[in-house]
Each structure stands twice: as C-alpha cells, then as structure tokens.
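Questions regarding the structure given below will be posed in turn.
Chain nomenclature is as follows: A, B and C, assigned in order of appearance, with residue numbering initiated at 1 for each chain independently.
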Amino acid sequence: MDQTGLYLTKMRATAPLIHNITNYVAMNVMANVLLAAGASPAMVHAREEVAEFAGLAHALTINIGTLDPAWAEAMEMAARVMTDAGRPWVLDPVGVGATRFRQDVCARLLNLHPTVIRGNASEILALAGIGAKGRGVDSTDTVKAAEDAARDLARRTGAIVAVSGPIDYVTDGAQSASIANGHSLMPRVTALGCSLNGVIAAFLVGQTAFPATLAALAYYGIAGERAAQHAQGPGTFQSAFIDALYSLSADELTTFAKVRQA
Amino acid sequence: MDQTGLYLTKMRATAPLIHNITNYVAMNVMANVLLAAGASPAMVHAREEVAEFAGLAHALTINIGTLDPAWAEAMEMAARVMTDAGRPWVLDPVGVGATRFRQDVCARLLNLHPTVIRGNASEILALAGIGAKGRGVDSTDTVKAAEDAARDLARRTGAIVAVSGPIDYVTDGAQSASIANGHSLMPRVTALGCSLNGVIAAFLVGQTAFPATLAALAYYGIAGERAAQHAQGPGTFQSAFIDALYSLSADELTTFAKVRQA
Amino acid sequence: MDQTGLYLTKMRATAPLIHNITNYVAMNVMANVLLAAGASPAMVHAREEVAEFAGLAHALTINIGTLDPAWAEAMEMAARVMTDAGRPWVLDPVGVGATRFRQDVCARLLNLHPTVIRGNASEILALAGIGAKGRGVDSTDTVKAAEDAARDLARRTGAIVAVSGPIDYVTDGAQSASIANGHSLMPRVTALGCSLNGVIAAFLVGQTAFPATLAALAYYGIAGERAAQHAQGPGTFQSAFIDALYSLSADELTTFAKVRQA
C-alpha cells in the first residue's frame, strides 16, 4: 500500500457510474459524496427498470436502511445483474440485527455474492450469525469483537468484509488490514457510513478489490480528518467533508493513509 | 422551569433511540438534528417490520408530510405499539387541512393517543376541526388564533398540543405556556419543524411530558438564535443550527430559555 | 430583457405554492431552494390526494429521477389538473435515455402539455427522439448539439424547452435565447438541476412564460456565481448557493443577467 493514492487517481480517471439502491436518509448525501469524489451517482429502484439500469452501471451499492418488500425485490434484481456480469457490488446490512425481515432480505442478498460487505461491528456480528446464532447482538460492540465474525463471514460468502469504527478492520478471510484514519465527528453526521459504500464501489471498478477497498476507506477517513480542521460541529463538518473529498489529492492520500496489515 | 437544562442533561445521558416515520423531505435533516442533540435516530416504515422495530425504540414520531396508504398503515401499527407499551409518541399533522386523505389518516392516528401533537397554527386549527368544523383553514393563521383550538384538542385527545410560530404555545388543556425562543430564519429552512418532533420525543423519554416538551422547544429555539449569529442566509444557517444543537450546554439552556406560564 | 429583475420581484410578491413530484435525492434541496427564493414548496405524491392537492397549487413540477409506476400515475393525475386549469407545470425527464420505462412515462407526460421541459443536452436529445429515433444518446452531448432537437421538441409539444449546460439554451420553437450565467461547481452538487425546475415554475406563475423562464435561469446562474465566491468546494458551495438565492436582489438580477437572443 505504498501507492494508495493511485487507486484514487484511477477512480477519478474512470469516473464510474455507480448505481445505488439505498435508504431515503442517505440518498442526497451519497450523491454529493460520489460527485465530490469524482464518480457519477444514480439512484434507480423500480422493478420495471432496475435491471435494465444496472446493466449500464459500472458498480452497484445496496443498503437496506429504509427497506420494504418492493425495494428488496429490486435489490435482488440489480445484484443479480452485477454478479452475472462480473461487476462489483457492495452490501450494507443496516440494522440487520433489529428485525426478522432484515435478516431474511440479507440472507437472500448474501446468496448473490456481494464483492464487499460493509457495516458497523454489530451489523457484521448479526450478519455472520444469520442461520447460526439467530438475531445478532446490539450496537455496543467494538470492531475488535467483530473481527472473528468478519473473517468467518468473508470465508463463507467470498466477500471482502469491512467493519467500520474508530479503527476500521477489513478482511477477505485470508488477509486482513486495519485503517486508522477518520474523525470522531463522522458518526455524528447521518449517512456518512452509507455514503462510504458508494466510494468503495467506485474504487472497485477495474481495480483489485482488497487494496482498492483499503484505499477507499483511507481516502474517506483522511477527508474526515481534513474536515474536522474547518468544522465547529457536525453541521459545518458535513460541508467541509464534501469539500475535502473534492480537493484531496492522490499524493495526500498516499502520504496520510494509515493502513496496516493486521 | 428554573432548571430547564436538566431535561437536556437527562436526554443526553439516555441517548434514546427515536423511531421516526416521517416525510422524505425531512428524513436527513431530522437524523442530523437528533444525532447533534445527542439521541439516536432510526427511520423504519415497512409494514413487515415496523411494529417489531417500534418495540425496540424509546419513542416514536409520526409525520404525514409525504403520505401514502401503505405508510399510513405503518404509522398506525407503530403508534399502537407505543401506546400499548406506555411509551411516548409525537404526531405532526403536516398539511392536514389540505386534503380529505390527510384528515382521514389523522383521525385514525388521534385514536391512538399521541403524547404530543405539534403543528403550525393552521394545522392545529384544521386538526381540531376534524369531524366538527370540516376542512380547517389556510396557513395565514397566527398562533394566538389557534390557542382555543389547541386547548380543545388537548382536552379531547389527552395529548399535549404544541403550536409552533414566532412564539410557541403549548397546552395540555389545563396548564399552558409560551416559549419565546427562536429566529425568523427557521421557517426558511425546510424540515426544521419536522425535525423538532424528534427532539421533543427524545426529551419525553423518562421525563414528565409537559415540562420536557417546553424544554425541548426552548432548546431548539435557542439553537436557532445561536445559529443566526453565524449565518449569512438560510444555507449557512442550517449548518450552524446543527452545530448549535450539538454544542449548546444544559446551563445555557437554563439561562436563555424564555418559557412563561400562559 | 432589460428588466429581468422584475420577474423576481413579482415572484417574491406572489410567493406561489409550488407542488413538486420529484425524486428522493432532490426533495430536501428543492424545498430549501424554493424557500430561499421566496416561494412555498410542497411535496405530495399519493394517488389518494395528489389531484386534490394540485388543485390548491399555483404551479407543478414533475421529475422522473426515482420513478416507479405508482408515482408515474400520480404525475399524470397532477399534470392533468394543471393543464385543465391552465396553470403552468415543468417536466424534467431525468435519465430518459436510460430505460424503456422512462421513455414510456415521458411519452404519456408529453401528451399532458408541459409548459416548460428542462433537461441536460442528452435528456433533451433522448426526449426529442422518443417515437422517432428510439433510445436517444449518452450524456456526453453538448448543449449546441441539442439545439435542433430542442426546437423540434418545442414545436411538436408546444412547450418551452430549456437545455441546461455551461451556457443554457431556451427555445419555444420560434424564438430562442442563451443564458451564460452559472458556475462549474453547480453540476458537482446533486439536485441543483432538479431544484431549478421549482424556481422556473415559481417564475411562471402569472408571468409570460418565455421571458420568465429566461429570468429564472439567469437568477439561478447568478446565485451560483455569487456562491462560488464563498465556497471552498461543493459542500460549502451548496450552503452559499442557498444564501445567494435568498439575498440576491431584483436589481442585481437585472445587472448581472447574461441573456442573449439566439
């Protein structure tokens, strides 16, 4: 990872079209995050067009935050297109531990082979436990506590699993790494986790998945560090964060990335 | 109300999980408002999971801004869970005077005993008139003009009724109070009224409903006053407002609250 | 167009109620844009109330960004109310070239006589080609390349057609004009194009459609120029843009508008 910044350079040169089926809370922020980073976002969900549109996109993100049955069906249709075409897609199992409905939908989506699964520690623990330990655990879990579950989930699904937290943990079941970038205001702004899915998806396009995921997380965290220097609280932080995603250079990403093989 | 700030201290110590079924315009702002204040927001609406999720939440808010029949059904399901469990919920009857559909949905929701009903003067007048005076009135009404209707509505439903305006009016049918905090830019930013519902709900958790509602309104208004000092217009106001919700202390709330028994 | 600013003065004096059926990404920004400009936004989409609500509104905007069949039906219901009442409505055919579903919905909406059609060059080219040249073209088209299609579309539908880009092009099929206001950060903020539809709709109320559309576009572009002076990137740009819409005066609009008959 000496040249983390090259993943940003390549992503910006590609300006990939990222198809997002995400929750209502996140849609606007996610679109702005992707535009600021240098990608091209689109939000399309109707079953009448979702597969046709997925066929045009370079990558897909799926986030179950504000789920309903029609959206769940659309998620499966779009994920199937990406998997069949060998294109990357990212799954964010928001609140999967909270309801049976979320667990059922996630079980179906896991069968469609996400390239990357990203969630907080509780979500990864809950997702790893589906069909085995039942309903999962509450949201007070640390990243550390989810590392074993993340590796198990990665081996079982073939996905890269990224656990977000003060120090992120990423594993493909064989190799693992930690990313120590970020700022404590980030979880105080809604949808920044959701929007990261889009950045990961954009970095995945045409790049090796494991290091591209690490680069995406480092880029995002550094933008948070930069934003905190211009913020008086979570409101001004959000604007400064979008500015930082826009202005951060590949060289700065290489210089400030705190990625360590774990 | 000498110790208004204590309600904020208690709310932040609880960090309650607030379940919101609200309109698409407000969702993102509302989540950021709740995070900045110190609560934990979640937006869940599918009939397949809404009751199960409500069972996990400390309080609920319902806002009919961008209504449709499936959402209306989910609102009833979630409100019933809260009422049966003796947990608080807040109703915001957005635009109830505008269509018959909104009036029908609100009539059903009123039967489920909201803890607090919050709206602008026209909405409270329209809501008070359902089944009696018909369609309600337009949006040029003053808070003053809605005071009698608010008291009637409170007595009829058992809810605390809060009328938002330059000077807010709150009544439970027996006692009443006014809150003179706030700033004229607040109605020029969309969804700040809607987002206030979440703050009220968060203050209600484990606290006496009438003074907790007054404290929530004062806190929100003072944050608006603070934000105006850093704003050049409604755009920068919104960011500064989130910052102010985040940084405002309990002592400042006690000092600057303009709450008066009416 | 010596007195472009008068269109802003009239709009603000009217403070028209603008009914928007738009995509989830844009809703919040659009509401803030309309509030900052001086109009009154509302988002209502359920088939159970959309026609009744449209009957109360001064103008309507329809945007197919996050379409589904129920929303498409509501769009037709609302558009029919406006057309029958002789009130203006604006159509934004987002991504119409991407899927057959979008083309079908737009074909039905075109039959309901939009007052103004606004899109980027690729969308106008795709829309002009429906039923004639098929699926349209990709998004690399220049405004220049879409001028002929815009005039054809205007003549065929009776609508004013506005093509957004670095220099906007507006035509009613007979007369045409260009607007050279704006800033390169505007397309890096999501939903600013969508939100412009609301401003156009607000300017249309009670004013001559062609010059009112030009004035709306100039006003929007000048606000972008103003915002760029206060922005460090697309995040701070968005806040500054809302501030600029709020503070820009009619005299400034007259002074800085770069409108030219084409």
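Worth pointing out:
Here, contacts are C-beta pairs under 8 Å (C-beta built on N, C-alpha and C of every residue); 3 or more make two chains touch, one makes a residue touch a chain.
These numbers were taken from a predicted model, which means no experiment stands behind them.
Taken as a graph of touching chains, this assembly is fully connected, with contact between every pair of chains.
Copies chain A and chain B of the same sequence differ by a rotation of 120 degrees once their CA atoms are superposed, given in steps of 5. In whole angstrom, the spacing between the mean C-alpha positions of chain A and chain C is 33.
Contact with two or more other chains is made by residues 24, 28, 238-239 of chain A. Residues 24, 27-28, 31-32, 35-36, 41-49, 52-53, 56, 70, 230, 238-244, 246-247 of chain A are the ones that touch chain C when the two sit in their complex.
Across the interface of their complex, chain C is touched by residues 23-26, 28-29, 65-69, 95, 98-102, 187-191, 231-236, 238-239 of chain B.
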